[in-house]
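These are the structures, in structure tokens.
Both of the next two complexes hold subunit A, though its partner changes from subunit B to subunit C.
This part shows the complex of A and B:
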């Protein structure tokens, strides 16, 4: 039965945005953990570890996110590991986020001059001590604007999770459209909600960038 | 046994030989000035001494510990061998105090409060105790280099290495750094300096080592070696730098 598009639909869409936020947070945490590991491997002194991280980043960056999602959702089921959409989506986004964040953070680590590492090792600090006390604190400043930029991409890309039936903002709009036949109204509200999520972040990123440029 | 023994050291980068059969003994309390034109291998030799560069043949032994032995804990060794670089290499995100206390607190487990006292003492010895809470970018080049010296001194090293530490400074700032070195020489610190400051080498160096084409070409007591060079190459070099 077709019903009118009303405030109740708006309410449902706003409620579904919670899942978009939850998914973004999960993806950012999962991707962040993978990303830290990849970035550190890329600057480590052990060549095979550097190669492994390089290969990981290249392969994942060269794969569409949608394919990763299908791989984790349908692929794991076929090899006898049926997973909930929620788990499949979290895994796929962690793998995806890890590659991009790893690359951003590697760049930030490598932006710190070699002489800083050298000064640290000349004082008897180990690799991890140099990272922790000298390199990372300086690299964080460099990394924040592109990291926030990636977060904005991530929010929008969580919409792909709709394709495997995960009910976040975009999927909720599909459902609303199916029962109201009002795609224009539904998707306008969805677009507005994504914008309201992303706009403050891009503004924050611009602000940080200005602040860092002034400080540097 | 000498404090520093360099025996027949050869260093190559792929096909390029940077050091050829270099030998040098340094006794406790000596001040060695290594001179030579750029590309002669002086800085490389210095960086080999604390293991920042590996060597392909020979031995470097500091106070009985072999630098190039894979079993040697380089981190322990470097706590006893300070090095000051041409480019200061202070940590820009840390205060002067933290620049100095970082290594003692992290590697030696010294408490923060005691470390601050250590930093203050080290800064007194370079005449910068009033800058303890400043940040590196608030200091002049000369002051930054003096902080870098204090940072190394706070580790209480047995041996100090200086890699052209005044080369990046204006002439009027060079003086303040050299005065710190003079002060240090009176405390009996063993120092190996790669330097272009011939005046300093002559007055304070116990020995001058002239390097040429990756070899120790000529060495001897500072005044003699600089005053009456035995080899043509040193004579040419001295003529070039003194005029």
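This part shows the complex of A and C:
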């Protein structure tokens, strides 16, 4: 029995947006933690740590997110964790986000002139103190616009979680399509919802970038 | 952890993997060429065309850049047949990815074109070059050099993103993985191997783009 595509379907799709948002937030927190570690390793004085972080970023950025998702999904059973989509999704997005955020934040850290580090060290500050009191406060200003830009990428890429059965916007659209046979309506509404989530962030990122360029 | 990874069955299906690599390369090459062309045309249009056309191109770029590729693919493959526009999976993938890459390239090319100082353009006209000549030699060539790294990374991201085509049954590298997985049940191993293959492709693309850069802009 095929239902009509009605308002109830629209409401369900809108409601599914909360899972997209929740997934984005989780991915941003997980990816942020990994990203901070990677960015700091990349500017640290110990060469093997720099190499490790470099390799991590290169490998993750050279692998499709889809492959990461499937690796984590099927890898869960191997390490004895329960095979639940949300665990795989959270892990895969943390790894993925960590590589991109790590690279963005490394760029921001390295945008600060070397003389600032040297001044800090001349004042007798340790590496972590230089980072904490001198470099990071200045780097944050540089880092915010591209970070917001990546957040948009993250929101869009959470759609891939649908492929391993995590119910968010895109998966909900697939389910709606399966019961109403109205793929165009379902996917267009979902596209519009993604647009409403992403476009303000895109504009904000652009605005912040302009502000920094004026200030600099 | 008592599980032992076994790759034998995966490598025994190397023909699927090879076929997948070929399809992924073929898909990416077409999309990169046409996506880049759309980027140049739309970027030029976004700067030099009249107001209406500028707004249309702006709308195109924003609509594409703020929605997921997967949803765009589903709209083209599952949604458009409702209006009588029916494509086979590969065509739908090529169309979607080209339109998608076109929007991203537009932004990159536009930024490159706008980075050319006005005085340089005026100098071109002062030398008696025509409008198209100025665009070709004074604006596009030096701008290309500047935007090449950004374009190259966008192209590599696109190549990786073509894995999404597997979701509408295009026989690409990722699809090969699902076939081998369903035949051998070596799921983790399959995706590990495919991940390494994608990584190798990304590396090959990076080297190729570096060579192209050297050939095109190295001497100057």
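Quick notes on this one:
Operating definition for what follows: the second predicted complex is superposed on the first by the 213 of 216 C-alpha atoms of A that agree within 3 Å, B and C clash if a C-alpha of one lies under 4 Å from a C-alpha of the other, contacts with A are read in each partner's own complex, and residues count from 1 in each chain.
The definition used in the following text is that a residue touches a chain if its C-beta (ideal position, glycine included) is under 8 Å from a C-beta of that chain, and two chains touch if they have at least 3 such contacts.
Because the structure is a prediction, the values reported are computed rather than measured.
In the superposed three-chain model, the partner touching more residues of subunit A is C, compared with the other of subunit B and subunit C.
In the superposition on chain A, contact of A:137 is made with subunit B only, not with subunit C.
In the superposed model, A:25 lies in contact with neither subunit B nor subunit C. In the superposed pair of complexes, A:119 makes contact with subunit B only, with no contact to subunit C. By the touch criterion defined above, A:129 lies against subunit B but remains apart from subunit C after alignment on the C-alpha atoms of chain A. Here subunit A touches subunit C in the complex through residues 59, 61-68, 70-71, 74-75, 78-80, 152, 156-160, 162-163, 170, 173-174, 177, 182-184, 187-188, 190-191, 194-195, 198-199, 202, going by the rule given at the top. Subunit A contributes residues 115-116, 118-119, 121-126, 129, 133-134, 137-138 to its touches with subunit B in the complex. Residues 50, 52, 74-79, 82-83, 85, 87, 89-93, 102-103, 106-107, 151-152, 155 of subunit B are the ones touching subunit A in the complex. In the complex of the two chains, the subunit C residues touching subunit A come out as 1, 3, 62-63, 65-72, 74-75, 78-80, 82-83, 156, 160-161, 163-164, 166-167, 174, 177, 187-188, 191-192, 194-195, 198-199, 202-203.
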